[in-house]
Amino acid sequence: MILVLAYCAVLLSFASCLPPLLMQGRHNLPALGRLRMPGSLEEQRAQILTRQAVFGLLGLSGLFAALAGVSVLVSGEVMTGRIGLGLPWLPWQVRFDNLSGLFFLIIGIAISAVSLYGPGYVSAYEESKHPFAVLSLFSGLFIAGMLLVLLADDAFFFMIAWELMSVASYFLVAFQHDNPANRRAAFLYLLMAEIGALAIILAFGVLASFADGFTFDALRGAGLSNAWASIAFALALLGFGMKAGLVPVHVWLPEAHPVAPSHISALMSGVMLKVALYGLIRFCFDLIGEVHWQWGLVLMIVGTVSALGGILYAMMQTNLKRMLAYSSVENVGIIVMVLGLSMIFMAQNQPQLGALGFLAALFHAFNHALFKNLLFLGAGMIHHQTHELNIDQMGGLIKRMPKTGMLFLIGCMSISSLPLFNGFVSEWLAFQTALQVDVIDNGVLRSLIPVAAAALALTAALAAACFVNVFGILFLGLPRSRHADKAQEIADPGMLAGPALLAGLCFLFGIFPGLMLGLINHVAEQLLGASLPDGSSLSWLHLAPVSAEQASYSAPLVLVGALIAAGICFRYLRRSPATVMRRAETWDCGFGGLTPRMQYSASAFMMPFRRIFARVWLIDEQVKKDRQGAMDQDVAAIHYALQIQDHSWPRLYQPIERAVNRTARLVGRIQTGNIRTYLGYSFVTLIVMLWIIS
Amino acid sequence: MIAAYLVLLIPLTGMAFFALAGHRADSGAWNIRLNAVNLIATLWLAINVLREGTILSAGKAFLIDPFNVYLIVLTAFVGLTTAIFSAPYMAHEMETGRLNDARLKLYHAMYQGFMLSMYLVLTTNNMGILWVAMEGATLATVLLVSLYRTPESVEAAWKYFILCGVGIAQALFGTILLYYAAEQIGSEENALLWSVLYENADKLNPEVLKIAFVFLLIGYGTKIGLVPLHNWLPDAHSEGPTPMSAVLSGLLLNDALYAVVRNKMLVDGATQSDMAGFLMMGFGLLSFLVGALFLHRQKDIKRLFSYSSIEHMGMMTFAFGIGGPLATFAALLHMTVHSLTKSAIFVTVGHASQLAGTQNMEKIRGLIKTQPAIGWGLLIGTVSIAGFPPFGVFTSEFLVLLATMRSYPWLAPLLLLGIGIAFAGLFRHIQPIVYGDRPEGQQPIKANLWPVMIHLGLVLWLGLAIPGFLADWFSQATLLISGSAP
Amino acid sequence: MNWLLAMSQTVLFVALAPLLAGWIKCCKCRLQNRKAPSLFQPYRDLLKLTRKQPVVSDQASWIFTISPYIIFSAMVLAASIVPLIAVDLPTSASADVIVLIGFFSFARFFLALAGLDIGTAFGGMGSSREMTISTLAEPAMLMGIFALTMSASTTNLSLAIDFVLDEGLVLRPSFIFALLSLMLVAIAETGRIPVDNPATHLELTMIHEAMILEYSGRHLALIEWASQLKLMLYGVLIANIFFPWGIAERITPGDLGYGLLFIIGKLAFLSILLALSETLFAKMRLFRVQEYLSFAYLLGLLGMLSHIILEGAR
Amino acid sequence: MNIEQLDFYTQAILSLAALVGLTSFLMLGQGRLLRLIFVFAVQGFLLALTTAAAAYSLSNYHLYISAALTLVLKVILIPWMLRRQVLKMNMHRDVEALSNNTAVMLGGASLMLFSYYILHPIVQTSSLVMLNALAVSLSVMLLGMLLMISHRQAVAHVVGFMSIENGLFFAAIVATHGMPMVVELGVAFDVLVAAVLFGIFFLHIRTSIDSLDVDLLNRLSEVDK
């Protein structure tokens, strides 16, 4: 029954490819073309209808996915099935358990929001340049691919679904291919996806070579030696990490995510990365079976590096969507780090604490899906209204787009993990996990884990600074460009409804995290065979992950308290009519004559960080002064150019590229074009072969 | 059995017909019809084989078993679709005045002649005849490579001719050694019949067969395009008319590999060692990697894809070399999907180069904007040949990888490296071609893309699910080659 | 009953904050032998401000007007969970020390936004610097607190204090390091010399003041009060966690009275220390601050490590 | 075993084999095209002779046919054609300067040894004469390839190619008393067609680069200059 829901979700997402194709067919087939009544107005209506049909289907599929996810999480049973496709001796195996269910829920929510948002957003694309058919076709395939990955229960099916996801999203990245940057991004993305997929295949291959067959059940049964298990783990980490965008193999991510249409970037950044994490979890915690603390340590370190690197790179971006993409790197880093913690605890046979870390990681994954979608959709709205993504060109939008501003603010507050919002809860849980280090015997871990925790704190603080900057520069102050000045509030209600849904959920799960955590606890039970420590409580009011003595957090009470405090002083202070607020021109220490160009820009805001963490980036900062006057004494104009680059380009990617090209050039030498040389090859080969076998 | 003779007779008559009748307006149509009829004949043959198993003709001249019958059907199919594509293509060439009646007459006659030799290679039971037919294939196509009479094409044809001639001569020496070995066990008149040899392979003198296999491998390997014997291949593919490249890539290479595999079966039977397998794996891996690296340096679009052919043939040779049911199954599947995909790609490439008036990849741009069908065809084809699911190429590569992990895990990274490099090499060239804005002066042309759609559709189908009859077809062939079903 | 007590403690906390500020001012004036204003001057200022009509720039958005309330209530919440005179109060169960830090960052978030809202250069500068410093301060503070909570094996403040009380006087190196780092962080976070100068309004040096330049009337009052609260919060944290003696463990009038006296005494002492340091040291350049804070972080780290290695629980 | 004990046929075969090998060496060292072609014709003649001898001794009549075929093709037709080409291109005067001829010759000699060494394992399964015949034919093949590698004239290439064929024939006749008739005919047919094609190609190459020097056919190279 529940499986049927899941299938429905997949089928609906496939179905969402069809309407525009049918329309196309109607255009192309002359027979039907004659039936088509003339008039561009009809065309308009037809297009709108198709759009609504597509996104309606997507929305349904999202709904079904969420339903399936919730119901499996509640019922806590495992469903298996098979689809009659695939290899002759191995049809596609399907398995739908709590872990899949959780990610189904994530995807479902995301898709529903996007499908509300989509129709308004894509109306901006003109049919001739960017055919809607392509967009909807590949979006449908992309979503179906993600859902199938979650359902797959054998390596072959898994890889097919995985690659379907990658390729479809590649076409989406290349959707606006008339822009060279997009083409480059798409190529890079596909290349990395391919390499990652190969690593994953190899990882499966390692397991499969010890198991009989490559269904997941067989792989679970594979008895690996530690060395081989570690190799498999390393390969899986490389493969899935590439997709999830861990530093240093993250470079494709900030290139690819921003150039896709915003609702797609939202899905890629909010959901696809989660699917990669799902793969990692499935592989490490489920397939390999018992984990080693060394792996946990690796995960923790990699995660910490990605978290710090991600946010630090994010701070320096001026392109809004690039910035969001980098912050995805940061959040994925946090999740992986906490997973590493949980792995360490598992390996130190503290299953309950392992479960706690697992809980924190999954909950953060869930939250990140929510607020990152929200933020990307918000970025889409801003771009939709201002046709501009450069933060430094914005300003004052909160007066022009109040609703958008509100939603975006909620997103920023959740992602910078402020209390009362969901982001905070998951980070709080992460800290609680880290603080349980005392139970571990191993001295190295006991001293490393707190450091990681402190790094996490630094990350959170940096994130807060980053998003203060973003929100402040985007929405506050004076408009810095004509676009920003002319901006209007979103007209289309759907485009507001989608983000509003997500924002509401962010707040809801910030206040009542217990609801979600209860569900995720089932996942831990089923996957790790361990749940939260006894004595812990996940009630709606209090949240005491380890025990009430150790730590507790009650968001509802906090909310109530905040309301009381604010209410009191609000009421009290505004009672006398003599003190109503008076509007006047900005004081500005009496300088006056305030112009937009006087404000702090994003790069100015980040200047202190740029100086403090200077080594993290490759900074190319140039100040050029046009001097004039007899002795060049006075400066006519100052040109300031700032170029900030990611370290992993020159360190990692360009060397590889050069190496390949050099080898290719060497190999090219054998094609001399002279037939006698060729004959020589044949001759020598013959001689050598004969000599070998004799 | 009549079907088998029919399969051979039709192209023979076709060749005669074209040669005598000279070029007519509807030669292309006739070419299509002949191939269509032949496809039906092959299907009939296939059904027979599927129903009553291996067929051995009277006088043991012909042997049809699951292994070659599916290659026969594949040949007929690709031959047909390529013929469908070649009709408008050649018409366009006529309009642009690159060709004249006499050459088109030659073209059609030789097309049929080539098909004839292909069928002969596949159906014959006699290793000598197999060799003759192979050489015949070279002779049939060599004039087509130089069809345009440009200096490059003449040069390409000359190289093709000499290299393949010398190579094939070595194969003949191998065959003679085989015959010699067979005579030792005293089976006079039908000592070259594969069926006979296979029955008493264990009695053959291993020493002789070892040496024989080296010659055979190098001889037919030249035709497969194994590095370092491959040098003729890119030239011939790039300079000949595109339909020729399609059939060369799609059929000739396969059949050469077929010949090698047949001989390998004998040698394995005789030597009871993996020597043959190791040689094939070595050549295969080398060709795979080198082919992948070559992709990065190409300027001519047809050269590009001919190198990708080298790479894929390398992979198949490698897989056959591994032996064992899984690898063999994978190799057979890869043969099928590769020839389908590659011929489809060559069709789109042919249209693309006609549309842009050049084969130079720097000059072909914005295909999707110019003519979406061709652009998407090329892009999807490339995605498929690069081994992305849900296309069949992925399935076979996946299986090859698993088989490698099982038997020779330390080779798997090399394989993956090759796949990655090849992928990058393909896409760095194809992306700029299909994407972007259309340059001025690029006009849509009259193109027939049904072959592309059919081929890619089939490949997609094979990737998603291998239909039952095809599956047990493959597994029978696997059983025949590797001795056990997957 | 307990809830009532908790409420009243919070109210007391809020009420005492300006007094502490006044007291520090007095000490400073004495130390710099100037004539000191009265202890209750801060109350007078606040009252005056609340009576004045607030003038808001016409560029300001609702963020600007709502921020003071948010900041203030965030501080009040923080005050409600920090045990002032008694432990084991129900409010302390609703949030632990990490949430406390969360409240601080909440307030800071909106303060910074308010600074950016008008679009003046000063506001932006202030926010940027504030965020920089706090960003560096937060991990240092967490390290300090972790060193503490790990030995108390709880992040709940009142329970941690209980732990210290039960344990009696134990010289833990980790505590010493933690104390030092917390003090440094406190100075940085509350914008005192040598990080920031609360008294100055010289544009290029100010940090906290730069953000609230545009505020007036009750808004200014709330923000000032909030910052006084913050100062007191840090004071109470340091005082009650490291030297909890005298805090009321049983809810009896006597104990509560003692508790009040003790805390007042501790705070008085601490503020003298603060005043002393403020007179002795000069404000440092902005880009020396990171060294200062990384030193605090280092101390916190040392505290943690010494807890793990020296006093290792096993 | 000793050559005296062998029957006349075998002795004849052995001496013919020696002669064939010798002709290959002569070709290898030959710089003048006309002489090259002549030696090639001689080789063909020896081949035909061998075939006839084999046919006679084995009284295997279809070998007569292939002997006749060889005579027509390799002794008359192809040399005549090549000769015409050479004369038409009037290349009969110029001598192709062979780069370090002696080295090539030594290489050839070592090839002969090599082929003996390769085929040695077979000897215990068969008579010495077989070994000799096979070894000679193998070395004729290899020498043919060496010829093609060392000469730059297209004509020389054709000769090399054909001499490789000769080697194969020799092996077929001597070692296996002739292949089945079908194969013989097929091979002969291929050779014929090949000969015709060579004719056509000389035409094309001349028209494209008006020379028959294959080193000038290097347009399709991928070495970036």
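Every chain is named by a letter (A, B, C and D) in the order it is written, and numbering of its residues begins at 1.
The rule is simple: a contact is a pair of C-beta atoms (placed from the backbone, for glycine too) under 8 Å apart; a residue touches a chain by one contact, two chains touch by 3 or more.
Small disclaimer: the values here were computed from a predicted structure and weren't measured.
Undergrad: Relative to chain A, which chain has the most distant C-alpha mean position?
TA: For chain A, the chain whose C-alpha mean is farthest off is D.
Undergrad: In terms of CA centres, which chain lies closest to the overall middle?
TA: Measuring from the global C-alpha mean, the nearest chain centre belongs to A.
Undergrad: How many angstrom lie between the CA centroids of chain A and chain B, rounded to a whole number?
TA: Going by mean C-alpha positions, chain A sits 44 Å from chain B.
Undergrad: Distance between chain B and chain D based on Cα centroids, please, to the nearest Å.
TA: Result: the chain centres lie 31 Å from each other.
Undergrad: How many angstrom between the C-alpha centroids of chain C and chain B?
TA: Centre separation, chain B to chain C: 79 Å.
Undergrad: For chain A versus chain D, what separation do you get between their C-alpha means, in angstrom?
TA: 70
Undergrad: Find every residue in chain C that makes contact with two or more other chains and list them.
TA: none
Undergrad: Enumerate the residues of chain B that touch no fewer than two other chains.
TA: 158-159, 162, 166, 170, 211, 234, 294, 297
Undergrad: Could you check chain A for residues that touch two or more other chains and list them?
TA: Correct list: 665, 668, 671, 675, 679, 682, 686, 690, 694.
Undergrad: So which chains end up touching which?
TA: A-B, A-C, A-D, B-D
Undergrad: Would you tell me which residues of chain D are touching chain B in their complex?
TA: Residue list for chain D touching chain B: 118-119, 121-122, 125-126, 130, 134, 137-138, 141, 145, 148, 154, 157, 161, 164-165, 167-168, 171-172, 175-177, 179-180, 182-183, 186-187, 189-190, 193-194, 197, 200-201, 204-205, 208-209, 214, 217-220, 222, 224.
Undergrad: How about chain B: which of its residues touch chain D in the complex?
TA: 126, 128-129, 131-132, 135-136, 139, 142-143, 146, 149-152, 154-159, 161-162, 165-166, 169-170, 172-173, 176-177, 179-180, 183-184, 189-192, 205, 207-208, 211, 234-235, 238-239, 294, 297
Undergrad: Which residues of chain A touch chain C in the complex?
TA: That would be residues 395-396, 398-399, 413, 416-420, 424, 428, 431-432, 435, 437-438, 441, 443, 446-447, 450-451, 453-455, 457-458, 460-462, 464-465, 468-469, 471-473, 475-478, 542, 548-554, 557-558, 561-562, 565-566, 569-570, 573-574, 576, 578-589, 594, 596, 598-600, 604-609, 611-612 of chain A.
Undergrad: Within the complex, which stretch of chain C touches chain A?
TA: That would be residues 50-59, 61-63, 65, 69-70, 72-74, 76-77, 80, 91, 93-96, 98-99, 102-103, 105-106, 108-109, 112-113, 115-125, 127-129, 131-132, 134-136, 138-139, 142-143, 146, 149-150, 153-156, 159, 203, 213-214, 217-218, 221-222, 286-287, 290, 297, 300-301, 304-305, 308-309, 312-314 of chain C.
Undergrad: For the complex, which residues does chain B have touching chain A?
TA: Those in contact with chain A are residues 158-159, 162-163, 166-167, 170, 210-211, 214-215, 217-218, 222, 228-229, 231-232, 234, 275, 279, 290, 293-294, 296-297, 368-369, 383, 386, 388-390, 394-395, 398-399, 401-402, 404-406, 409, 412-413, 416, 419-421, 423-425, 427-428, 431-432, 435-437, 463-466, 468, 471-472, 474-475, 486.
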